[in-house]
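Sharing a structure below in structure tokens format, with a few things to ask.
For clarity, chains are labelled A, B, C, D and E in written order, and residue numbers in each chain start from 1.
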Amino acid sequence: MKLMKYSIIKPYILLTPALIILFGLFLGGVILALAQSFGYFPLLGLNTFTLKYYIEIFTSTEFLDALRYSFYISFVSSFLAVVIGVFLAYQLVRLPKEYKLVRLIYKLPIIVPHIIASLLVFLFFTQSGLAARILYHLGVIKELQIFPQLVFDRWGIGIILVYLWKEIPFVALVVYTVLNNINNSFEQVAANLGASQQQIFWNIYLPLSLPSIGSAFIIVFAFSFGAFEIPFLLGSTYPKTLPVLAYQSYVSSDLLQRPYAMVIAITLTVICLGLIYIYKKLLDLVLRYK
Amino acid sequence: MAEIELQNLSKSFEDKSVIDSLNLTVNDGELVALLGPSGCGKTTTLNIIAGLLEADNGDLLFDNQSVLDMPTKERGAVLVFQNYLLFPHMSVGQNIAFGLKMRGIDKKTRKQRVSELLELVGLTAYADYSPNDLSGGQKQRVALARALAINPQVLLLDEPFSNLDANLREDMQNFIRNLHLEEEMTTIFVTHDRDEAMLMADQIAVMNQGKIEQYGKAKELYTKPKTRFVSDFFGKANYLKLELEDNNFIFNGVSILISEKDKLALKLRSGKSIVAMIRPEFIELESMEIERNEETLEFSGSVVEEHFVGDKIYYQVDIGSEILEVTELPQKSFEVGEEVKVIIALENIWFMEGEG
Amino acid sequence: QKQEENVLEQEWKEVIASAKGTEVNFYMWGGSRTINQWVKGYVAKNLKEKYDITLNMVPMDATDFVNKLLGEKQIGKKEGTIDLLWINGENFKTAMDNELLFGPFADNLPNYNRYMNTDSKQITTDFGFPTKGYEAPYSKAQFIFIYDQNKIEKAPYSFEELIAWVKSHPGKFTYPALPDFTGSAFVRHVIYEITGGYEQYYNLEDEAEIRKKIRPALEFLADLEPYLWREGETYPSTIAQLDNMFADGEVLMSMGYDPSKATSEIVKGTYPDSARTFVLESGTISNTNFLAIPFNSPNKAGALVVANFLESFEAQLSKYNPENWGALPVFSYDKLNDQEKEELADLDLGIATLSQEVLDKHSVPELPADLVPIIEDEWNKIVGK
Amino acid sequence: MITTAKVIRTTLIYILLLSLILPLMVLVIWSFTNDWPWPKLFPQSFTLEGWKYFINPVNGAWDALQSSFLIGIGVTLLALLVSIPAAKALGLYDFPGKRLINILVLAPIIIPPLAVTMGIHINFMKYGLTDNVIGVMIVHLIPCIPYSIRILTNVFEAMGDKLELQAKVLGANSWQTFIYVTLPLIYPGIFSAGIMVFIISFSQYLLTFLIGGGQVVTFPMVLFPLVKSGDRMLAAVYSWVFIIAALIFTLVMERIFKQDQNKNQAFYM
Amino acid sequence: MAEIELQNLSKSFEDKSVIDSLNLTVNDGELVALLGPSGCGKTTTLNIIAGLLEADNGDLLFDNQSVLDMPTKERGAVLVFQNYLLFPHMSVGQNIAFGLKMRGIDKKTRKQRVSELLELVGLTAYADYSPNDLSGGQKQRVALARALAINPQVLLLDEPFSNLDANLREDMQNFIRNLHLEEEMTTIFVTHDRDEAMLMADQIAVMNQGKIEQYGKAKELYTKPKTRFVSDFFGKANYLKLELEDNNFIFNGVSILISEKDKLALKLRSGKSIVAMIRPEFIELESMEIERNEETLEFSGSVVEEHFVGDKIYYQVDIGSEILEVTELPQKSFEVGEEVKVIIALENIWFMEGEG
């Protein structure tokens, strides 16, 4: 009997240290941010719950523009990263076995931090960057000002490029593992049943790797949606991304700005959670038979 | 349907020869088993026929036409893989319709064909199930239906029953036999189970180390194996080493007259050592008192071991020079230690060359 | 804690004694390799040798450390981690408003009294806000224009001359797009010139009025666009790009907030040797930046000693040297003794740097810092479209 | 027919790979020059100044690298300590609330650490966890733990509980089972998870910045201002040191951890 | 060694009852098979005996002592899992020594015991191999050696042969039988293969849905199954529905005299319906002309299907009212359509209650 009791609580005992950290730090952080966003911040002498901050933030154009801008950047970069990453992964799967180095090299950007990635984009894509120089020497452009503004620009191209450089290998890695497992067996079945290469890709590889592609998209999207460093380093003055906006409210010399930062943080959180929910729903829909 | 001919096919992986100048002709409409131990190259052969692997050498003919340069989708040879490989992201119905869809068949036709096939394999109610919710046997049947959907000229089955448990296996074996009787497409299936091969196939190709060792009907392979390998593969046997003396074999003091025909067939020469192969169930045991009067070899022996295994009993009988394996039906029951008469009909002795 | 409160009443010798063997955390902007190296090298070495103080430079932007102090103040953290700050402008004002600073201490520094003109507004106010002894001056910066004397024989001197030159050399002038720091400063100059000086902007609270007041200047800039590089369709996004274009001869003028910039760029090899500096007759914007001590500095004595050292003639001169940093010193020339004057005269500022005398004569103060974002916003609307 | 498709594919892959790798090459060049004016394709002159600056102990780059390693290894050990039992629970047992905990474990991957950290920052300050290494290591756990738990959970799932049961049957107690059976079997997983956690911790800027309050100077803390102010040469030097340090760590770990066991594919997720 | 007694053991997972008041006594030194279809609770039972699972109810005695509260490692019952579960990070030798090491046995003794065991399982040369480099049968033997190393009182084997291919399986079966003959430890092994159970075990416990349906020797279970389930599980059978009339059963117009003893045993009452079970191989076929004179039932019939499967032939014989399954050894060969005499010895008929 004693043994049995232990076996029931055993998993919980094993989980305790992790749960302490997850509850204490992570959930604690989220809850505190939530409380502060509603104006409950005893340390600042704010003790009443109010929707004031939400109302103010949600009606400010700066916030709405930032929301749109963040969405735009994350969506475009994640979408492109996933499309190109899946392409890369698919091609890598089909690459003959001997290309070991290629399979190693493409992963390099994964261990390079985003800060360095933004330096790379800076070196390459400013108007006097290497890309412009190469075009100049190719005679494509005659003056440096003709080179389009790709960094610190309103379209967030520099930011998107950083995310692409970082996330394409990430997506490729995740998808490669999955594709590699699908490899051969299902492909052979399909080919044998009369499917062409293209049909195999669209009917077999893509749907089978869709869950991992989807989760890679979510991870990449959420990461770029919530990341501060890159838009801070390469972004335009206006609009800003949500995390930059949140950060600036947070480090504002007026502590009473913090609830605003928290409202933005909570908005980020809720959107990311909503995304998972939509993803799960879509997955259920697409993969009824999984 | 089609006749299939493998001519001197060879295939190596890296430097390892896996198929070695293999020759085999499968007649139109036949149900053939490719039987052999693990790793002998059965799957490889099937893959080459299906067009999923390229042979290094030799030729592959369908109805006397080489198909080596024909891509898999045009050969009309559909392979059903050992582990079903149903597409997990499609329903049963979608799986079956896959090949048709790839051929651009319109939806209505597809639907109709799918329901025909579902009926054929007895899974009408399962069209919208996920493959994951099916039992092993049901999966197997879906895989079959998927292959059949595109009316293959040749059906290739890679160990179609090895993942099924005993009852299911019997069902599926019957199913495929009946299907073959109805549709009569050329069918090759791979197995390493001799009973299965014998139960199902019109002809059996026994494969060993990349070659066909013997090709023939079950009974022939069982009773008249050309090599020790085939003999062993088809079950227990007693191998008696004989000495040829003129027209007689001498064994255990008894001399056996050999016909001129056998002598010629075996290219027998005096003094050469020959092995007589006798299957245990071709040996009869009788209580000492029973009289027999057929053309037989007879020894007396004593039972040294007895094993009841339901529908038969395995005995080991000491006849002095040898211990013979004998299988009897359970009606005939002897006890360990009992003295018995061992009777071997001459017609049941098979002579092979080689060491005993 | 008690002893720390007393540090302002202590004799300087005692201060030095209690600072001996301690560590001082100096929080400062860390974006410049030269500055970092000067602090971590020259300053740290001297402090160690002279006072046995270990200087620990912590790179952090002013807004960040002010925010950190605010948090610490809020939760009542009596002992923080920061001993000395490099600060000015709006951040200083915030710090004062929230009582984040320790002081007044400037008067306690021997070198402050020894070398500074303690009556000068440049020393006693910070972006128009009185320092009240809570800040000790550290450095000065001043806006300058850069030209190539091989291509422009005579640099413009008045604003009108500058504009005339621009108009007669279409496509050869531009400035970095806002919010670039230097571009933004350039626009403030135009505002001073077009709208009649800076004084009117002090004590101006109403945002709408500010926007109205600066509008003519921005319209002036918009009208100037046809004469600018690429007809003002686009602007270089950073000063670095403008520098590149200047170096390449694409444009004939550049600008900077560091008076010794031309010299150091020549030394580095990016600018041609013929690059020179000029300022406008009506003055260019300069500001002073300061040192301050947080309320919860765990080592106030050490902070005082470090601040005092940084205000020493020796440190200021080293800092003034373009090879080390090139920042303008904060001492008053009049208070130097002969030997010091001689040393100062011996310092090679480089051919492309204006003398401090000239710079001092042409210096105008900054606008209150909170106007800057408004100007950027208006510029984006009217000029940058 | 096959060849053209192949050529196109190979070309595309190489273009893609080139665009992933070329920037890093250019970074090498930039670390040796400050003299590379438009529109030159190659620098006009080279200098070791950046590397000298980096090596000069006065500039504290070594110290920063050291504390990055210290913190990275500390976080890795902490994360593994916490993740191994948790992953075992999630990988081997079924229990009420498992789904919920699974979601909770993965949530920090999706919910921005920025939001979380802003929420707890002031409480950290209150409990003396800011401005020191301990606090920074703890806060690094937030983005790290989901990865280590996830990777190890996969490993435990793949391993199953059968071998542990086998050890029990043969008379091993819980502790013996863990030391002699579990630990050696999850070795490759520990390696993958460890590398992952280390790299994440090693790359952290904002969390270190907020919680470390400038007192905890890790490598990214030094690197970030350089990138921000556009000091290309020095930023390039530091970037390379960073990348090489991360690579060396990975390789060393690989040496230590990977015996002849075949590779674990559960890298990442 | 030990006697094992399971008394009214029950076990549910969540609300699903898996073991349901199970009773079983295994005598000291016996080799017992636990035979049953997939999911019937065999593994669960074994796990309970080994102490890896706790029973919900009932008692478990080793030598008349309850061991319910005894932890696994003290019970002296070692379980060998179905898939060997060799520790992949240890050499063969280390695997075998594992249990000894856990008990703190010194290195020298361990070494000695390991080499004894390696010799026993015929793997002396393999001490330093990695388990990954062994074949299935070798792995199986190492797993066994590892279990034997700690001299278990009770050896529990969960489907020890199901992963082996035919030849290996036979070897291992022999090996375990011989081992048991030598060491005589109480051994329970799980299988779902009736042939294996019959071949190996002293006694067989047939399990169905968490209960023991019948416990006895192979022959008894085969010839005298208590339930239809057991009968079916042990192979094909013909079930003839009989009517009792006074002391006679009437079947197919023939009436069969029934002994008083059988009548009593079956609690027969007039008019009650009874099923006669006859195994196919207990039916003899003879050419019409052959005379028989034993106490037999005899019908005439005609062969409708014939299947040669090597060591036997399956026939289906139409006797008018029924089609009987008959198995004959291959010496007796009949053709489809041939008229035959069907002979059933009365002693080979087994009467069961129930519907036909």
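The rule is simple: a residue touches a chain if its C-beta (ideal position, glycine included) is under 8 Å from a C-beta of that chain, and two chains touch if they have at least 3 such contacts.
Here the structure is a predicted model, which means the values were calculated and not measured.
Counted as hops between touching chains, the shortest connection from chain A to chain B is 1. Most remote chain with respect to chain B, judged by CA-atom centres, is C. No other pair of chains has as many C-beta pairs in contact as A-D. Superposition of chain B on chain E using C-alpha atoms only gives a rotation of 180 degrees, nearest 5.
Separation between the centroids of chain C and chain D, computed from CA atoms only, is 39 Å.
Chain D has its Cα centroid 56 Å from the Cα centroid of chain B.
Centroids of chain A and chain E (each the mean of its C-alpha atoms) stand 59 Å apart. Taking the mean of the C-alpha atoms as each chain's centre, chain B and chain C sit 93 Å apart. The multi-chain contact residues of chain D, meaning those touching 2 or more other chains, are 38-39, 122, 126, 228, 230. Each of residues 64, 71, 74-75, 238, 240, 244-245, 248 in chain C touches at least two other chains.
Listing the residues of chain A that touch chain C in their complex gives 43-44, 126-128, 143-145, 149, 151-153, 237-238, 250-255.
Those residues of chain D lying in contact with chain A across their complex are 9-10, 12-13, 16-17, 19-21, 23-24, 26-27, 30, 38-41, 81-83, 85-86, 88-90, 93, 95, 98, 101, 104-105, 107-120, 122-123, 126, 138-139, 141-142, 145, 149, 199, 202-203, 205-206, 220, 223-224, 227-228, 230, 232, 235-236, 239, 242-243, 246-247, 250, 265, 267-269.
Taken in their complex, chain E has these residues touching chain B: 38, 165-166, 192-195, 198-199, 218-219, 222-223, 234-235, 279-282, 284, 307-312, 327-331, 345, 348. Considering their complex, residues 8, 10-19, 21-22, 25-34, 36, 43, 84, 87-88, 91-92, 94-95, 102, 105-106, 108-109, 111-116, 118-124, 128, 130, 132-134, 136-137, 144, 165, 168-170, 173-174, 177, 212, 215, 218-219, 222, 225-229, 233, 243, 246-247, 250, 258, 261-262, 265-266, 268-269, 272-273, 275-276 of chain A touch chain D.
Residues of chain C that touch chain A in their complex: 63-64, 66-67, 70-71, 74-75, 90-91, 94-95, 98, 178-179, 229-230, 234, 236-238, 240-241, 244-245, 248, 250, 376-377, 380.
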